[in-house]
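Here the chain labels run A, B and C in written order, and each chain numbers its own residues starting at 1.
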Amino acid sequence: MKSTMPILTLEKVSKRFGGLHVVDDLSFCVPRAACTALIGPNGAGKTTVFNLVTGVYAIDAGRVLLDGKDMSTMASRQRIYHGIARNFQNIRLMPHRSALENVLVGQHCRNSGLRGVLQPVNLIPRNRWREEARAALADSGLAQYERAAVGGLPYGLQKRVELVRALLAKPRLLLLDEPAAGLNPRETDELQERLSVLRRERGISMLIVEHDMNFVGALCAHVIVLNFGRRIAEGTPDQIRDDPLVREAYLGVDAKPRPLERHAS
Amino acid sequence: MLIYFQQIVNGLMLGSIYAMVAVALTLGMGVLRFLNFSIPGLFMIGGMLTWALVRDAVPWPLAAGAALLMGALASLGVELFTWRWMRKADEFVPLVSSMAFLILFENLAVAYWGSDLQSLPQLFAGTDWHVASLVVSVPQVVGLVLSIALIAGLSLILRKTRLGRALRTIAEDADTALLLGVHIHRIVPAVFLISGLFAALSGVLFAVNYRQVHPFMGEALGLKGISAMVVGGMGNIWGAIAGGLIIGCAEVISIDLFGADFVDISVYGLLLLILMVRPTGLFGAPAGARA
Amino acid sequence: MSGYVEGILVLLAINVVFAYGAFLPIAAGQLNLGIAGFAAIGGYVSALLSNNAVVPAPVAIPVGGLAAAMVALAVAAPVLRTRGIYLALATFALGEIVRAAILNIEMVGGAAGYPVAAFIRFPTIAAFAAGVALVVWLLFATRFGIAITAVHDDERVADLMGLNVRAFQIAAFALGAGFAGIGGGLYAHHFSYVEAQYFGITLSISIVLYVLFGGTRSVLGPLLGATIFTLLPELLRGSAQWRYVLFAGIVIVVMVLRPQGLVTGMQMPRLFRDDGARLRTGQAQ
């Protein structure tokens, strides 16, 4: 049983743009069925790591392993079929289509091929894929926005739609790029709760890029800190908070060290 | 052997006209990232107005001048509807509007003058040079020299004047240009004006040299100007010239070798090939220099 | 019905078929400026078949469409590697090449055009148009429609979601070419004549214009665009030229005022009531 193998492993991964090493000899593991945070000042290379893991960029050196399987050269399109789904830092939905139609895209990797493509999801009300998507929206409190054009929805709701889309792919590993950015405190709490539940009940592993250290502390057991494309620290949220290297990296930029609160649920 | 030289001379003449159209298109592409489909229409306006005025006994220099003026005005009209009044929309919208302008101009011409081929009288009778058994007509040479001079002049403007620097800045990055205080709203009409003049002038030159015009002449020739622009490299003025001359020579040689029937296939086949193999053209920046 | 009205309706039906032919690639994010060339292929192939009594006209026409689709498939892979304006130009070059090639084929009359013996009337043409429209509407009610929009809106995300972007683009391109081919066949068998000159860049541009003007975010858009374009002469009893002038003028104005086109509502008109949604009150669309 591979239950202790990390869901994601980066081995000495490097990525250069021109002369700049955006990711430099980076190695870390993401434990399975857990929530891991990837933090670091702006420009540390966090989104680039996501792009490397999802295949948007090709790696210059090193390997990326999903559940022990080397996917370093796998086409970006294939990766979702192996269980990696993600959201995007700036929301990327189809603005003129409804929430339902948007999240239906998430099912594509489970319903592809000729039969999948011709699935009458928008024609027959009782179609099971449609029903599944509707239920997923309802689970996230988005049922009333099913038919609303997504471009007209408030930012926080759009973020929720994007999350539902990613979840409908039934991923093993969820990559979340600043999922709490732009959310008010109530929405942030709801998101944190939701993600905890997903992790517990469905065993989804998560790798989250975030700046909100309270959010991270409440949700993630493990934190990896990046700066200039390298890993400078790793540990529990408390350990990271006390790490002088981390403070130095953040000096004058983002989160000042302060007690991390556990949220009363 | 001599035939070949003659063909090349003819090809250069034709090519210089294509080159002017290509330059007109390249300005829009390079500075505004805009493929201006109305340019073949402006070419036609230049040519047909020259014919119409000459037919009414207007002396040809005046006719040419009036045709240029109309071309410039029409181009400024296009600017209004494809740029000035355009709200934030998909980037293909100016292209679509410019296509509509082409249809507009062509059908206005048909409505006024009918769709027949029209001929101009011989304006420069007996002025052919005979240089070592090559026949070179003076108006063609003048046309060639004029084209090159104007294009060289334009290149100078782009390099040495403030307007030129502003244009190049906008071509680099429109937002930065705004930040740097470039008055985009005053510059953009200049782009349309210059490209409109080039297009109309090449139409005038065509009318005077080849003496045949019709409302859809823009399609046959203006569209080859698009090919010339692509072959030479979009956004590169000297590339546009090279492209124009290449297309002109290719056309002439193709007629000679394969007959007139295959001209279009050769020219558009070349265009297609370039687009698939090296879309940035022979002299454009390699793809990836701009995302 | 009077001959005059029938003539208008025939034109409308054919334009609707052309419209859906241009709509499909546009919905996937590509401009096919060579669409008239594919119409020409369909027209000539179907005429060739029916003239030589290989099959009757109503069978020849879809076969012509198939021929157009096959040509599109053959060229789609290399051509669709280009992007944006380069793609538009490549398709334009393609259309011109097709037209020029046909002009050189003596077997189908070359520049003189090719007479067509079989004749079809409005009911047949209307049936084809309705069929094409129905196929498109049904397609867009499936995952295909959503995938096409996903590819159109954001190729990168579509790819990461597991969609084969290239395959969808090629499918849309080839299918659209096929419909254009059917339109060409309908034209050939009603006007009893096909000539390559007609299927040029002006036709392509006109078709693209009335599709964009009608709106490409909805399957109803092409229908509306084709309808308005066809019925314009009724407003202006003058010659065909003025109708094009008016049409071009309208497009120019619409592009300034409403660049997304006229029809932008949800792609699929709601055919069935969705019980769940109905119970929610007070939620405006």
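We take it that a residue touches a chain if its C-beta (ideal position, glycine included) is under 8 Å from a C-beta of that chain, and two chains touch if they have at least 3 such contacts.
Here the structure is a predicted model, which means the values were calculated and not measured.
Chemist: Connecting every touching chain pair, does the picture come out as line, ring, star, complete or other?
Modeler: line
Chemist: Which chain has the mean of its C-alpha atoms lying nearest to the mean of all protein C-alpha atoms shown?
Modeler: Answer for the innermost chain: C.
Chemist: Centroid of subunit A to centroid of subunit B, CA atoms only: how many Å?
Modeler: 51
Chemist: Centre to centre, by mean C-alpha position, how many angstrom separate subunit A and subunit C?
Modeler: Chain centroid spacing, subunit A to subunit C, equals 41 Å.
Chemist: When the centre of a chain is set as the mean of its C-alpha atoms, what distance in Å lies between subunit B and subunit C?
Modeler: 30
Chemist: Using the touch definition from the top, list the residues of subunit C that touch subunit A in their complex.
Modeler: Residues of subunit C touching subunit A: 138, 140-147, 149-150, 153-154, 156-165, 217, 264, 266-268, 271-277, 280, 283, 285.
Chemist: Which residues of subunit C touch subunit B in their complex?
Modeler: 31, 78-79, 81-82, 85-86, 88-90, 92-94, 96-97, 99-101, 103-104, 200-202, 205-206, 208-209, 212, 239, 241-242, 244-245, 247-249, 251-253, 255-256, 259-260
Chemist: Tell me, which parts of subunit A touch subunit C in their complex?
Modeler: My answer: residues 54-56, 76-81, 86, 88, 92, 94-98, 101, 104-106, 108-109, 111-112, 116-125, 134, 143-149, 165, 169.
Chemist: Which residues of subunit B touch subunit C in their complex?
Modeler: Against subunit C, subunit B makes touches at 29, 35, 37, 81, 85-87, 89-90, 92-93, 95-97, 99-104, 106-108, 110-111, 216, 219, 223, 226-227, 230, 261-265, 268-269, 271-272, 275-276, 279.
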